[in-house]
Amino acid sequence: MPDDIKSPSSPPPEGEPKPTADKPAAPSGVKATASGSVQADVKTPPEKDKASPATAPVPPKPAAAAPATPQATKPAAAPAKPAAPAPTPWDSPMVAKLKAGYGSGVEPLTYAGQNYMIVDRSLIPEILQVLRNEDQFDYCVDITAVHYPQREKQFDVIWVLYSFARNERIRVKTQILDGESLPSSVPIWATANWLEREVYDMFGIKFDGHPDLKRILLPDGWKGYPLRKDYGILQQDNEWVQINLGIESGQ
Amino acid sequence: MTDANSSLSNLDLETPEKPFLDANELVINMGPQHPATHGVLRVILRLDGEKVLGLECVIGYLHRGVEKIGEHRTYTMFNPYVDRMDYVAAVSNGLGYCETVEKLLNVEAPPRAQHVRVILTELNRIASHQLWLGTHALDIGAITPLFYTFRDREEILKIYEKYCGARLTTHAFRIGGLQYETYAGFEKDVKNFLNFFRPKIDEYEELLTTNRIWLERTKNIGRISAADCIALGVTGPVLRASGVKWDLRKAQPYANYKNFDFDIPTGLNGDTYDRYLVRMAEMRQSVRIIEQAVDALPEGPIIAKVPKVMKPAAGEVYHSIEAPKGELGYFIVSDGSTQPYRVRVRPPSFVNLQALDVMCRGQLMADVIAVIGTLDIVLGEVDR
Amino acid sequence: MAPVATPFFFYLFAGIMLIGGIMVITRKNPVHSALALIVTLLAQASIYLMLYAPFVAGVQIILYAGGIMVLFLFVIMLVSIDRSMKDRQFNSQWIVGAIAAIALGGLFIAVYMKGMSIFPDHALSIVENDNTQNVATMLYGQYMFAFEIASLLLLVAIIGAVVMAKKRI
Amino acid sequence: MGQFIQYIESYLGSDQTPGGAGNMFWALVYIMLVFVGLSVAVIAMNWLERKILAHMQVRLGPMRVGPHGLLQPIADAIKLLLKEDIMPAEADGFIFWTAPFIVVLAAFTVFVVVPFGPTHAITDMNIGILFMLGVSSLSVLGIVMAGWASNSHYPLIGALRSSAQMVSYEVAMGLAVVSAILMTSLNPEGTGTLSMIGIVQAQLAQGEWFIFKFFPLGLIAFFIFAVAMVAETNRAPFDLAEAESELTAGFHTEYSGFRWSLFFLAEYSAMIAVSSIAVTLWLGGWLRPFPNLLSGATWDQVFSFFPGATFLFFAAMCFFNAARMPKHPLFRIQTIGLAGFGAALGLIGLALFIPVVRVRIQDIFWFAAKVACFMYLYIWYRGTFPRYRFDQLMRMGWKVLLPMGLGVLILTASVALLQQKIWHP
């Protein structure tokens, strides 16, 4: 799969229907080619600027209140109060395939033109692997979490994935209990290393198989996970502050 | 997939190489107070002589809990906070945040606002690249470019100052459009700047591009392959210099970038020199974009109709823009109240910094400085 | 140039040399030893100067004090000082050392006692002004062969060092 | 007492250096003069470097202390002397304290043999150039000691880099020097010299500066030396030992106040020292420009007006800038100061027109002017070049400069031999 990436000139399979519709290298283009390793050539923006191109035809089903395409050049003064837009089902060949494979464990949805799927915790390692290997989601944009203390499964963990080949961005979301751990996705995407560390740092969610799971932004000995909802905004690890900074309070 | 992973399999910190003549490994701590780490970055280097065996970044010295603050402020109140992350490209941060909230609110900024946003963000991209060039050259030992770039960056900051009164943390945009109408003579100022700035890029390049020492210090230094870049999630000029022609402005156009004609410069080798050339070319492209935007600046309202008290419907949105340093993403969860339930910032510097270890393996200690410089990190954004 | 206070300077430099030499073998810290050795070498260069051999003195400073000793220091600094500080300074072969010292001392005394007869008295010729030229004539004339052999030896040493240091050539 | 005065007077009119004539009194006077002159030069260099660098970098540089920052070096000196002298707790005390003195000693002792004129040197040794190279190579000892004694990683690495660099470049430098010394032997007697004065006199006798001798051999040797001397003094683009972006400040990271200023002093006087070697060996030392083309008493006369004219030019510049000062009461002192400085320069300039002074001073003037060109080059390099990496620096020293030096040496020897044997048998 990385073969597509290594050759920069090979255009992504989709999202680039007409490669050369405009003028080549304008005079203000790259001049500094003294040793010539930078070339500027011209790429047309895709004709259709949907957030999810061809593969993901957005179903304009409910109420048409949610404009499907974020970049739609509509008059700006559109009324900003649509009646509580709700996520709509998301349909695409990829999703159909996943659905066929995993059944009810996967719930693909679209909201504000953005596709995501809620995946059962047990399916997470497999789905991520499949997305990476078969569906070319080779770039893990972000891993993060959201805390819902009132829910039974307290945490949403979200992977934001992007595929260079399809020019498509999706989110994978799962719900886990407090204290439950997740398999690390470092073997799938190396970038997950720090991102998972940050999630661990901020939420206390453990990732099994992570090579070096420790705090990243907060000091090592810190107690508590600041981005949990039960952690107050002024709260801090007073003990740590007193020991390490020698002051009563950091605030 | 196997390919990418095999290239990564030799990235683990323990390189099993037998030491020669019982040479002791030297562990050196760089930072957090160090002139070349661009802030409070701490790097722990494992050296064999001057050769880097591996390194570990220790970050968080500038952690201010921006994401936590976001949960306790209304959508409007949080807007100025994002400027404090990547403080050299504050306008880009603001743009990303505003657009994300606009998506949640389902509004769109009017065309005039979009144009001005593009102008200001691209000016900001130039300013950010200028600051990068100056400090990067300074790290490699050329002092003079720093003063040249700061002299010219000043002109951009003057435009900001005239527009919104602030120079660095501008808070230039409002959710739904702009904070202020442009001042009289804004177009003229911008055009003057472009005419002033175009020859200046040549001036920078004259000092460095063909300078033999510069070539020796940057060519083949800190190489990173496209596959590694993607696996490590590296974006922005670093990714492009490795040969991947990917720019969010083209791939998933936001604001109204699709109306403008510009190129994506890419490199071939993914080394420090290519990253330098890519950024220099990007400045020229930014000049092109600004020129088109100023010429086609439409009249009209500058802010869409947004409610005074913003209560986006419950839902979540991830939106990202091409900040000067790479993909800057915001993931905002709304629960229908006036405050975001969760704000997640996907900082380009943070993710790019992860590649430092890969890029520095086997290089010399002096190159670590060059590579930190070429990654163009801002610690305010890394630590948030 | 007329010599000034020759005995004074001779004893001064000779004393410095001796003290330096003793320091070399008594200091526990190898860096201190090396520095003491440098002092000794510099004092020696001064003695050469007093012997109207300025060229040798200059070479002594450039090569020994400025070059070789710097490399010595270089190596010593890379070695863990702490470990060598803990090592015992004197090894157990002090009997051999004592015998050697006594023998050398006897030799010195013998030379001192009948020095006049061993070394015939030359007429003192001060060749300060074309000292360098004389050294050159000797080296590249009379002792050409020896000089070249020395340079060959050095070449061999260099090649040997490269072979030893490089894992793969 | 009378005897003493006689002793003093006996030197006047001598055509030898005080050292050569064995006159201790005048030797001491010369030592004092050289020491004071050097210190003034370093102070001036400090100001000039900041000013010139600033103007290269679209800044103004020091402007507050005195007119155009003229008093800035003095303010800096006072600041440095008043600063606390900090010694790291784990440092090796004795070595830490002596290191800066060794560096300064090495840098200043070199000037014993620098010929500012045919008789204007403290002494003339017949191993002059060897002495200079030898003593200046001792400064590396001080640097190594400083780096090691600080007991800190950055100074240690800085010191190691610095010593490796200096030892390596000394080789190339020595080869370049030898090829210049070879040129001194191209006289009827066939004997060369190592004496600094002798080298300049050889250039005078042969009617050309060695930089033009056997073109381009002399030029190449000079080029090698010019590169090596920048590396020798640890200046940009070879300032790895004190690369602030990598090693904070290199070997003197842990030093402060007075001791730090000693390193500073040593660095600048070492720069002047190596420039003096270059000037003596290749640029004709104290000889005025074009001694062969524009020879004759008239030209001598014309060139002897240069020193005074230069000072008058600087004085005029001071007056011009004083006139351009803002006419504001707050600037009055500065204007007066600048005008006063100009007046002083003008007076010196006028004094230099007095025939007696003129004849005596012009050698020193030309020597200083040539050295000043090198000093300007140093600043220029610093403003222009990025820094080399250590392995690149070593590669350049060993793989480029050393073979070049060897080649030039062999070629020079061959050409000299051919010239002696064939063209002028």
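Each chain carries a letter (A, B, C and D) given by its place in the written order, and its residues are counted from 1.
The definition used in the following text is that a contact is a pair of C-beta atoms (placed from the backbone, for glycine too) under 8 Å apart; a residue touches a chain by one contact, two chains touch by 3 or more.
In this text, all values refer to a predicted model and were calculated from it rather than measured experimentally.
Of all chains shown, the one whose average CA position lies nearest the global CA mean is B. Counting C-beta pairs in contact, the chain pair with the largest number is A-B. The centroid of the Cα atoms in chain A and the matching centroid in chain C are 72 Å apart. Put simply, the C-alpha centre of chain B and that of chain C have 61 angstrom between them.
Rounded to a whole number, the gap between the C-alpha centres of chain A and chain D is 62 angstrom. Each chain gets a centre from the mean of its Cα atoms; for chain C and chain D, those two points are 31 Å apart.
Contact of a single residue of chain D with at least two other chains is seen at no position.
Against chain D, the residues of chain C that register as touching in their complex are 1-2, 29, 31-32, 35, 38, 54-55, 57-59, 61-62, 65-67, 69-71, 73-74, 77-78, 128-133.
Of all residues in chain D, those touching chain C in their complex are 19-20, 22, 92, 95, 125-127, 130-131, 133-135, 137-138, 140-141, 144-145, 148, 156, 159-160, 163-164, 166-167, 170, 191-192, 194.
Note for the complex: chain A touches chain B at residues 1-3, 5-9, 15, 22-23, 25-26, 28-35, 37-43, 45-46, 49, 51, 66-67, 70-74, 76-82, 84-85, 87, 111-114, 132-133, 138-142, 144, 146-147, 158, 160, 164, 167, 169, 171, 187, 189-191, 193-195, 198, 202, 211, 215-219, 226-227, 229, 231, 233. On the side of chain B, the complex with chain A involves touching residues 1, 3-5, 8, 11-12, 59-60, 63, 65, 67-69, 71-72, 103-111, 113, 176-177, 198, 202, 205, 209-210, 215, 219, 225-228, 230-234, 241, 243-246, 250-254, 256-258, 261, 263-269, 273-274, 277-278, 280-281, 284-285, 287-288, 301, 304-307, 313-320, 327, 329, 331, 333, 341-342, 344, 346, 350-351, 353-354, 383-384. Taken in their complex, chain B has these residues touching chain D: 26, 28-29, 34-36, 50, 137-144, 146-148, 151, 207-208, 211, 213-214, 216-217, 364-367, 369.
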